């Protein structure tokens, strides 16, 4: 029997401060590598997060996964920890990591994976838009 | 010789009423599973549909498929049947199915597939956005 | 002393079914005047609502009006009554009116006006987008 | 002779950290009034700025104001001072003010006004979007 | 009795080539004043046009003006003349004018005004977006 | 050890004139195949270009590739050659090709590939949006 594989994406947003820098580098080196993104007094973004899961729609209700459950998982595991926070200082799952969007995408993937599998679906992609001109995707 | 595989996407929109529910369930059960989406008097959406086809561009005219033909196929097979209609009551290809976006994406794929192959291209993806925060993709 | 007049806009969204028709007209007349928008089985939209208020920012906190209060007023008075509902059948403040966006904008203005004035600001504009190509504005 | 009054709008963007709070208030009072926006470690936004000027198009070149000059004025007077900065700590024209979007709009108006008048046009509106759901307009 | 004044906006789009230059200026002077927009081989845009009309909604049908009539007026008077055309060479109502968006907005206003008044409404605003960062508004 | 494969996308825009036609066809044949896109006096678009690269984030700085370098490569190799130009007449890498978006995507891929590999990453996708309803993707 044919498998009907469906991809479902939920968008959430968070507004955070961050700074890209390494403590073990001088201000000059940080500025050289990270440019204005290393500003010592921080800057911030309206990050947009798309979480894509995949699975077969249930014969009973036609859903891959109830979107309200998916939304709640994303709020609990990610948004409530990063929204209106400082990614470098306030977010446990970013501790010790450079606050690039690349590292953020991988960390968010790790936060979400098992909760989505518990609901019988698979995490497919974490996409984060930092500005309208730049975004990152991670597929695990 | 190398194959040049190109993906072409056409966006169309439709404004429809729908309701998520099962006739064999009580109102309470429908409300529990489908939440406010089960409102007996319907609700509706500005659905956005992206149809992606793939193929090699013609040496003669540089097209994978003439976009006007692709547009006409989507209008004939899908938009004219769902736009300003009730997905549960008015759409032949959704008869007997729960009106989730998951089921709608699969049904639209089946409506489009052969017509696109007749034009010498392949259907690659049907993507449907229900709200700015939720979308479904189906790759066959 | 100079008045600093600030305009603050809050966006909210609602997904509703509706139908444009008059009970006292035949189906033919309704179709002639309202076209596909008169479909007897309803259709629907992702409506986007912008509510603009105006006032002087408070010297104490720098706000025209606390955005969370404005949001709550809009949810209580409008969104909770129209979202995932049928505008013709389920919405008390649209009873007896043709469900055009024009009439909806005026009705929403009337729902919001006094609650915003109670907070010490003035309602300036109600804007409703029905599709990406059409919107209505009402300034009282 | 009829005056041809044209309104020209230029959009620019800036990514900044900020925090809403008063030093003379306790953390509890700040939290009560400003909510999560008072987070001590800051948060941030992709602010979008629209500057609207008005004037008569030049008979010689058809412009109200050369858009490249308008852009340069906005960069010099505003964007270079706020982009990838902390609005509370790094921005001279916000010193001593609560970092609400209301106050920011008025301050940006004051930064831009005379430079635009020097070019023979009038500043008409400063609009700042903080998130996709909230924006502020100031008309002087 | 109170007048209910409603503003209705219709969006249409057109894709055109243009060039900003004066025949009586040297290439150097054109380049100095108009920059890259004076490229002799043309360039082009996806222009977005918003036409706002105002009036009182009809007691009979709840419309300021039937949106399909408004759309048809805009297509007949404007879009069919400029879409997939060269604004400098192909458009009668731009003959002899520098192809700035300012001049285009005024010319489109003049094309539309009487047709809208014939329908019992008033033309309120012509807005043209040239790029996502620049737009022009004209209120007559 | 697990490979962390990250996809980074940069958006740039260009405003160009073009025309779809073959010199060896009559005007009638060109009109029949390419429709209004064959207008002899050109038309144009605000093209949107997304360049997606992939690679492992650097342990040193957390980047797949410095976004400023990626941006500069895209400007040097593509944008500066096509923006405010005529794709048929002014762009060396489109010489002798029909100016379809399909052909443009392949040509841009070829322009970018080696420069991105020199930076230690891989070109993954070139996506070009011609209008809000049509886009092309090429994956090499």
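Things worth noting here:
By letter and in written order, the chains are A, B, C, D, E and F; residue numbering begins at 1 in each of them.
Methods note: contacts are C-beta pairs under 8 Å (C-beta built on N, C-alpha and C of every residue); 3 or more make two chains touch, one makes a residue touch a chain.
This one's a predicted model, so the numbers in the text were calculated from it and none came from an experiment.
Counted as hops between touching chains, the shortest connection from chain D to chain F is 2.
Chain centres were defined as the mean of their Cα atoms; on that basis the chain farthest from chain E turns out to be A.
Interface chain C/chain E: under half of the residue numbers present appear on both copies, so the contact uses mostly different residues.
When the C-beta pairs in contact are tallied for E-F and for C-D, the bigger tally goes to E-F. By residue number, over half of the contacts seen at C-E repeat in one listed pair from E-F, A-D or C-D, namely C-D.
Annotation: 28 Å between the Cα-based centres of chain A and chain F.
Centre-to-centre spacing of chain A and chain C amounts to 34 Å, using the average Cα coordinate of each chain. Shared contact sites, meaning residues of chain F that touch two or more other chains, fall at 132.
Under the contact rule defined at the top, the touching pairs of chains are A-B, A-D, A-F, B-C, B-F, C-D, C-E, D-E, E-F.
Residues 4-12, 52, 57, 61-64, 66-68 of chain C touch chain D in their complex. Of all residues in chain B, only 20, 22, 33-35, 97-100, 102-103, 105-106, 132-139 touch chain A in the complex they form. Taken together, the chain F residues at the contact with chain E in this complex read 13, 15-18, 36-37, 39, 41-46, 83-86, 89-90, 131-132.
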